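Structures given as structure tokens follow.
Same chain, two partners: chain A is paired with chain B first, then with chain C.
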Partner chain A sequence: MRYVESLNDALHTLMQEDETVLVLGQDIVDPYGGAFKVTKGLSTNFPGRVMATPISEAGITGFATGLAMNGFKPVLEIMFGDFISLCADQIINGASKYHWMYGEQFKVPLVIRTPMGGYAGFGPTHSQSLESLFLGVPGINIVAPSSYHNPGELLRAAILEMGLPTLFIENKVLYPEQLKTVDRTGRIGNFFFERINKSNKSCSTVSLKVEKEEKADITLISYGGVTLLAVEAALNLIIEEEIKVEILIPSIIKPIPIRDFLESVKESGRVVIVEEGVRTGGYGAEVASEISERVFDYLEKPIFRVGAKDFPIPSSKELERSFLPNQSDIESAIKGLL
Partner chain B sequence: MPQLNANDSVATLVKWLVEEGANVTKGDVICSIETSKAIVDLESDFSGKIVQLAAPKEEILVSKPIALIGNNFEQLKKEKEKLVQLNHQKSDEKTIEAKFNATKKARNLAEKLGIDLSHLNVEGIIKEKDVLEFSGKEQLENQDRIEKNDVEIESYVDLTGGRKTGKVLMLESIRTIPQSYVERIVLLDELVKTITNYEAKKGKLITFLSVVISVLAKTLEQNKRFNAYRENDQILIYKNINIGVVVNQDNFVSIPTIKNACSLHPTEITEELMRIRMSIMRKKPILEDLSGASFMVSAMDHTEITRFIPIVHPRQAATLAIPKIQFKSEDREGVLSKVSYLNLGLSFDHSFLDAIQASKVLNDFVENLCHQKDRLDSEE
Partner chain C sequence: MLKESEIHNRSKLYRKILLIRKFEERLLELFKEGVLFGTTHTCIGQEASAVSVMEHLKDGDLVVSNHRCHGHYLARTNDSVGLLAEIMGKKEGPCQGRGGSQHLCKNGFYSNGVQGNIFPVAAGMAHAEKLKCTGNIVVVFIGDGTFGEGVLYETLNLVSLWNVPLLTIVENNRYAQSTSIKNNFAGSFSSRISGFNISFGEVESNDVEELSSRFFDIIESVRNGARPHVEVIHTYRLGPHSTTEYGRSLEEVEGWKKRDPLKMLEHRLMKNEVNEIRQLVKNELQNAEEKVKQF
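What follows is the complex of A and B.
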């Protein structure tokens, strides 16, 4: 099953089960069914509960917040993740704080779904990964499924269980990807697959290891779309130089499921964090600090972060590939720690 | 295949609207394709004969060719053949690689050892150690050996604990101390008689080694430079005369040490040595008993070794060698008698001591040995 199909299925099932689930966004109504087709079929099957909104991100976020405050479970689609900047005030000074500012009289179970990510030549304002800007906003969750998770299940958890405003970060590159399945030896491709649920029951961290029992040389933490590159890099390094990388793929970005990472970090003592967002002040910076605060004595080398360059993403696809993290950046980072 | 929608990376060929080999003109509709939004008719950009590359219902990546249009039909068909072959090759390569994924190191080693990787029964990626293990199995079937550097090694033992410390001490010693050696014969008949009588007379235990230690202590009082060590350009003379006895045990480092040997009677030294040996045997050794020696005696008198050259320890000046007590015939006043003797040896640090000084030590030792014998005889 493809990533986009998993999401579409989950939305169909949820809307069937729960009448308070509403879906909003630009151009999401059939027959178009949304820019990336995640919402295709919903307006036909659930008339009156799928709303086409005007092109005003601030307005529709405010509107959705209001719905959430009044007993609905709105799932708002922001067409391109780059536009989340327009929703910022409604999230930062609105949705995330109302539960507390109004004395816990109600919850704000608002889910904002949006595709981040580049590598498609869409240009500087349609290719960013801005979710790490929101790491410092108290009162929200950020979930970012990879193709090693089940996005539909995670979306379900975000809508039904989390109970607070959640940014659900999808990735353009991942939409057409087949979701990974485990074979009878417990592997996905060449890696042993394991789920870690120490921090969060519904949002697990996936662990991929070439050797099941052996200690890894490096712990690589990566989420979302760029995980595909990280896996390629790890595979290449084991073939070329027998470097053993354990890849940890969290599905929840905020709060950081730090306990899911620590065992591997303690074993390897060397950490690389890969994100598609800009390296400066990004996810890697926060996770590196958390790790070093907790298990500094186990670290052999400083933690290294790979991220996008501190520069607008070029429109040319070739240039874009060198400004966003690429496979050789990740391999160099890993080799630099050994 | 054109990219008609920004978000489409593939499109499907629905059907061809012209025959293979037909003449097309620029602008003619040649096929229908289905994108994520709709089914669209495609026009030809060129004129000529058409060779179809895509099949109906086939999903093609955007920007990949779906047809060839040109004037030379035969040439175009050859091109198509080439492209088809290329595709097959690529998918073959992929399946071969997928069949057994092995690391570079593994492939190199397998080639070197002449092993066919497909014989290995390994799930997942084959690593160098998998190849090693496999090759080991093959060799073990013949002999129980591992080849290293063309010299066959039967087995190996790790240096641990005392043996490892010993290695460190000896290497340091050889590196920092220029070792030399002098030797003289010591006649022992009289001494042996004295020791035997003493035990009978006094009922106290006294060993040959204890007498050696007490005599050695006296000798070192007279030759203080031998109870010392050199550091850079200084000779540091030890305050106390602590004599360590190097005994051959599994744990090299345990050197029972008699502290202030000068002040002790041989019977006391005997007792001390016994006490320390007991504590070792009971596995309750006391650290102070086994360290702090300023001079060593290496006792091999209970072996068949008639001469040996001990190595001076770091931070010491010399070591006394006590080999096996031997016998020879001697003509004494016309009577052929058997006398006992040993080759008393002294290894010393030649960077600040010379052979003359070392000889004096041995001579003083023999003289003191005589005196000690006399003292023991005269005790009531």
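What follows is the complex of A and C.
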């Protein structure tokens, strides 16, 4: 099953099961079915519960928040993650606050789905990974499934279980990807697959390891679309250099499931964090300081971050490739710590 | 001759306006005494809109307000103890002291201090009532200053497009903090609203009885027609924006004092009635303050 199908199936099932689930967004009704087809078929199967909205990101974010505060479970699609800046006031001064600021009188089960990410030539305003801007906003969750997770199950958990406004970060490059399946030996490709859920029961972090029982040389933490590059880099390094990397892929970006990372970090003592967004003020910075505060004595080397350069993402294919993190950046970072 | 029920209603309206007025005057005193922490925005002089609208709401209707929300809150909930507790940061306040003066929430009442931020939220709540077929409406209070915010226009488009039962009350007190409407508002309220094909009305009044009969009809039409409506009340804030006054002319403020909604109603009541209500409100607020100080 492909990433996009998993999300689409989950929405169909949820709308069938729970009539308070509503779907809103731009261009989401059939026959178009959404810019990336995540909402395909929903308006046909559930007329009246799928609302095609004007191009008014702030307005519809507030509107969906009001629905969530008054008995419904709205799922709002923002067509490109870049446009989340237009929703920012509604999230920061509104949705994120209503549960706690009002003295916990009710929940706000709002899910905002949006695709982030580049590598597709969409240029400076349609390629960014802006979720780290929201790491410092109390009162929300950020979820970002990779193709090593079950995106549909995560979406289900966000809609039904989380109770706080949730930014559900999808990834353009991942939509057509087949979801990874574990074989009979417990492997995905060359890696042993394991779920770590010390921090969160329903949404576990994935661990990929070449040797199941042996300690890894490096712990690599990555999420979202760029995990594909991280896995390629790790594979190349075991083949070419016999460097054993344990890849940790969280599905929850905020709150950071830090306990899921610590065991591996204590074993390897070397950490690389790979994100698609800019390094400055990013996810890696936050995770690195969390790790340092907790297990500094186990670290053999400083934690290293790989991320996008501090520039707008260029449109040209060659330029984009050199400004966004690539496989050789990740390999160099790993080798630099050994 | 007025009917007995109308006389009764007049004293009820007076009690409500007086409660709001005295509550907020006391707040400003407490502020000066250094008892209050943070800031506060009073609606002194513009209480008539809050009181006249709430008269006609049903239990299930929702009310959404802004930074200047004490009058709306008191008119809707009558909860002077809760409001004072919340403003004084007590855990017994409806929001446990977390929200404070600008962020109140109780029994279907919500306010938020950022201009326009909660306007689309109010629209979503109203749409939810429509989907649930409750017949309830949402009333949202905004000010003239909110007309500078883009999300207002996004939301007006949504509520017209989707037939959302949202009643918007614009309290035009002619100042956005210290800036006169003359210096920040192009065009007119009516032309801005009519562009969205939303029914619109405006009135210059501080007369709570006049406004009350006006809102009886408006609220019924929003409820029965399941369509939005925007009503502008041109009024005036006699008190400061928050805790200090900025450069409005004394002449201007004095002129509006002649149209003080409290005084207008007072003249229509018997003296003994006025005195009786004053005593009631005084006792109520004293009790509230004593109670909150014990929290």
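Note that in this section the second predicted complex is superposed on the first by the 338 of 338 C-alpha atoms of A that agree within 3 Å, B and C clash if a C-alpha of one lies under 4 Å from a C-alpha of the other, contacts with A are read in each partner's own complex, and residues count from 1 in each chain.
The rule is short, and it goes like this: a residue touches a chain if its C-beta (ideal position, glycine included) is under 8 Å from a C-beta of that chain, and two chains touch if they have at least 3 such contacts.
In this text the structure is predicted, and so the values were computed from the model without any measurement.
Chemist: For the overlay on chain A, clash or fit between chain B and chain C?
Modeler: fit
Chemist: Quick one: classify A:F72 as touching chain B (first), chain C (second), both or neither.
Modeler: The second partner, chain C, only.
Chemist: Which of the two partners, first being chain B and second being chain C, lies in contact with A:N190: first, second, both, or neither?
Modeler: In the superposition, A:N190 touches chain B alone.
Chemist: Taking C-alpha centres, what angle do chain B and chain C open up at chain A, rounded to the nearest 10 degrees?
Modeler: 140
Chemist: Spot which of chain B and chain C makes contact with more residues of chain A, would you?
Modeler: Tallying touched residues of chain A, the top partner is C.
Chemist: So, A:I60: does it touch chain B (first), chain C (second), both, or neither?
Modeler: second
Chemist: Where does A:E242 make contact in the superposed view: on chain B (first), on chain C (second), on both, or on neither?
Modeler: first
Chemist: Check the residue A:S251 against both partner chains and state whether it touches chain B (first), chain C (second), both, or neither.
Modeler: After superposition on chain A, A:S251 lies in contact with neither partner.
Chemist: For A:T166 in the superposed arrangement: first (chain B), second (chain C), both or neither?
Modeler: Neither partner.
Chemist: Based on the superposed arrangement, let me know which partner A:S96 touches: chain B (first), chain C (second), both, or neither?
Modeler: The answer is neither, since A:S96 touches no partner chain.
Chemist: Quote the smallest CA-to-CA distance from chain B to chain C in the superposed model, rounded to whole Å.
Modeler: Closest C-alpha pair between chain B and chain C: 28 Å.
Chemist: For a test of understanding, state which residues of chain B touch chain A in their complex under the given definition.
Modeler: 6-7, 9, 36-37, 101-106, 123-125, 127-128
Chemist: Can you check the complex and tell me which residues of chain A touch chain C?
Modeler: 51, 53-54, 56, 58-72, 74, 89-90, 93-94, 97-98, 100-105
Chemist: Tell me, which parts of chain A touch chain B in their complex?
Modeler: 32, 35-37, 122, 172, 176, 185, 187, 190, 192, 210, 238-242
Chemist: Which residues of chain C touch chain A once you look at their complex with the stated criterion?
Modeler: Residues 62, 93-96, 98-99, 103, 105, 110, 112, 114, 117-129, 131-132, 150-151, 154-155, 157-158, 161-162 of chain C touch chain A in their complex.
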